[in-house]
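Quick heads-up: structures coming right below.
Each of the next two complexes has chain A plus one other chain: chain B in the first, chain C in the second.
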Partner chain A sequence: MVKLDSVVVGGGLAGLVAAIRVAERGRRVCLVAEGQGMLPLFAGPLAVWGAGTGIDAMAAALSPGHPYRVLGAAALRAALAFFRDLTRRAGLPYVGDAEANGWVPTPLGRRYPCRLLPERMAPPQGPAVLVQLPGFLDGVARRVRAALTGAEPVVELEADRGSQVGTGWDSDRWARFLDTAPGARWILERLGDRLPPGDTLLLPAVLGVEGHEALGRALEAASGRQVREWMGWPPSPPGARLRRALVGEAARLGVDLRWGVRATLSGGPHGIEGVTVVPKPAEGTRGVELRAETVVLATGGLPGGGLVVERDGSLLDRTLGRGLAGAGSRLRLFGETPFAAAPAFAAGYPIDGRARPVDASGRPLYPNLFAAGRAVGGYDGDREASGGGVALVTAFVAGGEA
Partner chain B sequence: MSASSPRIVVIGGGATGLGVIWDLALRGIRATLVEQGDLCHGTSGRFHGLLHSGGRYAVRDPRSAEECIRENRVLRRVAGPAVEPVGGYFLALPEDDPAYVRSWRAGCEAAGIPVRPVDPAEFLRREPRANPRVATVFAVPDASIDSFRLAQQLVAGARRLGARILTRHRVVAARAQGGRVVGVEVENAQGRVTLDADMVINAAGPWARRVGHVFGVEIPMVLAKGSHLIFNERLSSAVLNRLIPPDDGDILVPHDVTSILATTSLAVDEPEDVEVTEAEVALLLERGEALVPGVSGRRVLRAFAGVRPLFDPEGSPGGMRDERAITRGLSLLDHEERDGLGGLISIVGGKLTTFRLMAETAVDLALERMGLVAACRTRDTPLPGAHSPDPVPLHLERARRRLGPLYPSVLDRLRADPAQGALLCECEQVTVAEIDARAAGSRHMSDLRRQTWCAMGPCQGTFCAHRLAGRVDAPAEELVEFVTERWRGQRPVLWGQQAREAAVGRSLMAQALWPAGAGW
Partner chain C sequence: MRPPVHLTADACIKCTVCTTACPVTPHETGFAGPKFAGPELWRILDEGGAGDPDLEARLDGCLNCQLCQHACPHGVPVAHLIAWNRDRLKRTPPVLRDRLLGRPDRLGRMLAPARPLVGRVWGHPRARRAAARVMGLSPDRPLPLPVKPDLRAWFRAHRVERVLPVRSEPVTLYVDCQSGAFDPGPAVAAVRLLERLGYDVALSPPRPGCCGAAWVSAGRPSRAVALAQAGVGALAPAIASGGPILSLNSTCGPTVGLEWHRLLGIEGAAVLAERVMDLMTFLARRVTPQELRAVVPDRSGQRIAYHATCRMQGQGGGMAPEVLSAVGGTVVRLGIACCGMAGAYGNKAEHVATSLAVAQDAARRLARARAEGIRTVATDSGTCGWQLQLVSGLPTVHPVEALMAETSWGADPAPRA
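Moving on to the complex of A and B:
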């Protein structure tokens, strides 16, 4: 049996931020995670509240169960400031205004509203020139520019004859190529000079993962312009960069990171008493027992795999072995159209002001259990454009308590 | 067109209507077909995908059984890659009625369906996932058939011979003079147009009754909805049928890389009633267990339903009756004789398997009524793309099956530009070259989906719908409509892994399509 101060279950945005926060408080913390969560699919910018309102006005107008309302405006502000510091330290500074939205162009030519963005994705300054990579289907420059004035020039890069470059690569394949020396040379040669006039060079978000910083600067030097990226489609290099930065920071702070393991929690009258961890696939293997004073549940809800929709339409939290309020039937769980408000998309634990999951009468399920990210319910991150902000504030509060 | 050449209008772009226009074209008559939506937008795009051997109807519906086996043989010959000759089995479990097995064998013999007894152990070696409790097995010449592919072949063939095919044109009114139809009025996005006609052939499937009303005639029909589940893998290599009186969920058809389990049967009021209920999903999975034990734990990609256009001369209009007792045989209605209205013929009922025979029957009557003579040639004329002379590497075989006559032009594109080889849809292996070649015809996302199978694989469009929209520059509203249509089929089967994937897909689309999001 291993004794710890705290265990965080889940290694997505919420789990990593919560673990970092616990470790910063000088506590011995172990993070256990089955997979990488949504970060490899994470587009990059941090969406806090799609409607443009400031934090106070927003929190005041929300329904009582919404996590922003429960945790309060001050906690959200503190969490965003914490994230800025954290990302600066980790070498991937997020910039922007907590009180008002910036935006990033989407592959379909829309503006996605977000309050904090990686520097490389901040809105372009001055006239822009867009770059179309050969064979790249997850962002058509001519379409993306609809998010700008629509009249920006597009530089079409050609595929090399006789090489593999640009034969239908996705963002991840491009990023891995551009992380290599020949890859960097390839793009620097093509975007060095003879570009149409413009202040900003706008590319899909594929400028490397490991070497993204150096490559971005080299491209700015070679082209004599500011370099910006637009939002892509998974697998998403900006998500991979954020994951790399957070994992690095967690390791530096001494978080014991265990990937590829599935956890189950056992509760008793005094709270969560143990965390059983088994390598996945789990069938038949005997687990390791962890003991900790506190546990953070950051298991990702429906998309993250923490919550499972059963065939009868009920919802099961696999980690706690607990059923959650469903909608009575599967069809009612989901809406008639994909984007309609529906119970499935706001499913998760209601929490109290200390980020503890509560039962129907508002009492904590366990005094030492906290929840963060999509494991928390009561909000629809897609319709609100609030997923990143909720993940952050819940992780910040849970990590401050656990 | 000269005043003396006959003017024929065909209503309906399902298998039957397309079969009619192809049949007319081969007889030298350049007709016009109007379809209110896309080709195969009705029942022909929402069916089980089985080219029947006729075995299913051998006991209760001998006429249909006989039509099926005859046409099964013809289509294997002329339809080429739209048919995959997977073969089929009928299996009886120990608890199934042996008396039914005997009458089934007699029925097959009478209809001319070749039936071969198979040793159950041998059967289980070939179909390891099938029910090991199987007691009796027979092999029959079932096959699977891709109606989207078939439709494209029919269109290509008919157009080459001068036929006119108008999609998104709906017949809304009739013109008649002195007891004869002289034309139809059709509505499209631009407005109304009139098409003169000496003869109108109503092949509107489950809408045939409504079309009849446009002409003031009553066509008694029973509309029966049937639902299907699509699995993300091929659970059997041949069609598996239960050897019992036709019932719910008793046939599993391998279809390309997926399998389709079906069907149910519920009376509905309108052809548009194609929602799949939870009870139907549960019923299909429960019944499917008898064919493939454990099937309900397998991954279901989506559910969809179609509406059977059954002609029921004994029923009151729209009346209800045990629909499984109504014949699947074709019904030809001569409205001149029935209703005193010349120049109108309706062809309803039947199966997709028998579409060619339906077309032949309808055209024979139309020509007779118009005093023309020309022999039917569809029985022996291969459809375009039915035979490709040169063998191709295996990885292009799928594209060739799908592309038919377009295949050479797609190969040319691939040779000319390596970027054209990029896979726009990974699940179905659809290249940019294929989309570009198709988009020269129609740029509608839903047309391209039906033509290429793009967005119909395991990811259900999560990773390719936006690419398709980007490639053909479809407006955001069209993409929303497209993912909403994909959603309709997924919603009834959202549990486990599939529910999780749907949630991820929703997040991605909501981001990329913002701000459509705020007030969805």
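Moving on to the complex of A and C:
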């Protein structure tokens, strides 16, 4: 049996931010995660509220169960400030205005509304030149222009004859190629000179994961221009960068990071009494018992695998071994069309003002259990473009309580 | 035969997290990547699809590190699916080289008497190139050769040395091919340590055998089935003893404890899940730091780097750092995802380039550790140790060898609290 102050279950955006906040308060915290979190699928820009209204106006207009409404405008503001500080310290600074939306170009030529975004994705200053990588799977530079003036020149890069570079590569593959020495050489040679006039080079978000900072700087030096990236879709190198930065910061703060373990919580009359962890492949065996005063549930909801759909359409929280109110049948979980509002997208626990999951009568399930990210319900992160903001505010509050 | 994989491919939501975790994908253009090679291809083959004729080659780059499976948030056994997909696509029996490498236990026994001759051939540049070409091996790598003495012979002759009082719980040390046929060092250190702690140690299986991991990694799990069946029989006394079965290798351990049952469907193997345990996990859970300190040298002021192998990461990251620091040492976690060696993968001519490309990350991190004064590296697999040693020049040991070593790991430059 291992004694700790706090255990965070889940290693995505919410889990990592919550664990960092707990550790910063000087508490001994262990983060246990079944996989490696869903951050490699995160596109990078942090959406808070797609409609673009200021935080106070937005929170006031929301339905009473929405996490923004429950936790309040001040908490959201503090969470965004916390995240900006945190990412600056971690070497991947996020910039932007908490009160109004900025944007980043999408591969479909739209402007994705977000409040905070990585510096490398901030909107281009002055005339831009777009770069098309050979054989790139995740979007076409010409299409991206629709988000800009529409007249930007496009530089088409080509692979050497017979080379395997770019043969149907997605963003993840490109980023990992550009992380290697030959990859960095490849792009620096091609974007060094003989470029059409323009102040900013705009590329897909593939400029490395491990070495993204150095490669971005080298490319700016070689081309004599500002270098910016447009947004991609999953799997997404900016998400992998954020994961790397947050994991590094968590480790630096002494968070005990345990990847690849399944956690189950056991509750009693006084709250969660223990967390049993078992290496994922050995599920079903006894495992190790952790004792902690508080537990944060940041298990990723339906997309992250923390909630699963049972055959009858009900939802099961695998960590707590507890059913959640579902849609009544599997078919009713989703709408008539793929993007229609549906119970699946808002699935998760309702919470109280301290980010504790509550039952139907509004009472906390356990006094020492907190929830963050997609484990929290009552919001539709994709339709509202609020997933990033909710992950942060719930993690910030849960991490401040746990 | 329908492969007995414990979950179907249908839990896959095609999120691609597995692909972002794959160490081979960025280095091998032709490789299909875990999402396709695992769950997608599983569905295609299940529907009767044959795929194109080069498909087998497009899966061959998999080194069975299982980081894809480890990363999956939905419990899809990606690596297990890949292993069986590869098996299902094989049209020809394995060539001689693969038959030899598929049975490391036999290979070690064959090489032991021929050691001087093989060593001389490999030491001669031209002879080495010719031999490597004939065998399909990489000439650019040292050839692993068996170290004497034979573990079982040593065990029969050795004198039990006690420090702490005798305990009632029997323990069994699982003899993997590495310990049994190539390098008995970690097993000898483990026996000595456990006996000093008061345990009665038995070795099992009593005669050399292989758990089948080599065949699984080579994409032929069907060939591992018979080995695993024989293995369950050979472990019967250990199972009957009621005590833990301790593993020294982060691949062989879960192969016996989990994959005989879940990947290969071996009857009677399910019970091993509760019984097979990594030695460091056993020490961390069952032995107090005081007891450990009573039987091994004090490591205060010493520093060591630790690589949790890819397979150890899939088991929760390993307990070696806790154990090594319990005796006073400072442990630096290297944070390498996969070293690229994967047993015999790195020795095969067609894979050596990928193996060394994957190892670049390890080389960078080890160079940094070295610059910070690290002089010894510990890891939970002998073959991974060879790779780390090759790319760093640093001596690499099993954590139990590090515990028992009479020499220092190297000084701790940081002031101690």
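We adopt the following convention: the second predicted complex is superposed on the first by the 399 of 402 C-alpha atoms of A that agree within 3 Å, B and C clash if a C-alpha of one lies under 4 Å from a C-alpha of the other, contacts with A are read in each partner's own complex, and residues count from 1 in each chain.
We take it that contacts are C-beta pairs under 8 Å (C-beta built on N, C-alpha and C of every residue); 3 or more make two chains touch, one makes a residue touch a chain.
Please read all numbers here as calculations on a predicted model, not as lab measurements.
**Student:** Once chain A from each complex is brought into register, does chain C clash with chain B or fit beside it?
**Tutor:** Once chain A is superposed (C-alpha atoms), there is a clash between chain B and chain C.
**Student:** For A:Val288 in the superposed arrangement: first (chain B), second (chain C), both or neither?
**Tutor:** second
**Student:** Using the touch criterion from the header, give the chain among chain B and chain C with more contacted residues in chain A.
**Tutor:** Answer, by number of touched residues of chain A: B.
**Student:** Just chain B (first), just chain C (second), both, or neither: which does A:Pro338 touch?
**Tutor:** first
**Student:** Report for A:Thr106: first if it touches chain B alone, second if chain C alone, otherwise both or neither.
**Tutor:** first
**Student:** In the overlay, answer first, second, both or neither for which of chain B and chain C A:Arg173 touches.
**Tutor:** It touches chain C, and chain B stays clear.
**Student:** Mind working out whether A:Arg161 is in touch with chain B, chain C, both or neither, as first, second, both or neither?
**Tutor:** first
**Student:** Please work out whether A:Leu41 is in contact with chain B alone, chain C alone, both, or neither, and reply first, second, both or neither.
**Tutor:** both
**Student:** Regarding the shared-chain residue A:Gly260, is it in contact with chain B (first), chain C (second), both, or neither?
**Tutor:** second
**Student:** Name the contact category of A:Gly50: first (chain B only), second (chain C only), both, or neither.
**Tutor:** Touch partner of A:Gly50: chain B, not chain C.
**Student:** A:Gly389 contacts which: chain B (first), chain C (second), both, neither?
**Tutor:** In the superposition, A:Gly389 touches no partner, neither chain B nor chain C.
**Student:** Please state which segment of chain C collides with chain B in the superposed model; the candidates are 22-30, 40-48 or 166-174.
**Tutor:** Stretch clashing with the third chain: 40-48.
**Student:** Between chain B and chain C, which residues of chain A are contacted by each of them?
**Tutor:** In chain A, residues 38, 41, 167, 234, 303, 305 are touched by chain B and also by chain C.
**Student:** Along chain B, where are the residues that touch chain A in the complex?
**Tutor:** Against chain A, chain B makes touches at 277-278, 296, 417-419, 421-424, 432, 463, 466-467, 469-471, 473, 476, 479-480, 483-484, 487, 491-492, 494-496, 499-500, 502-518, 520.
**Student:** In their complex, what parts of chain A are in touch with chain C?
**Tutor:** Residues of chain A touching chain C: 34-38, 40-41, 164, 167, 172-173, 176-177, 179-180, 234-235, 240, 257-261, 277, 279-282, 284-286, 288, 300, 303-305.
**Student:** Touching residues of chain C toward chain A in the complex: what are they?
**Tutor:** 13, 15-17, 19-21, 25-27, 29-30, 69-75, 254, 257-258, 262, 273-274, 285, 313-317, 357, 360
**Student:** Residues of chain A touching chain B in their complex?
**Tutor:** Touching chain B from chain A are residues 38, 41, 43, 47, 50-51, 106-113, 134-135, 137-140, 142-143, 159, 161, 166-169, 231, 233-234, 302-303, 305, 308-311, 313, 329-331, 333-334, 336-341, 344-345, 381-383, 385, 387.
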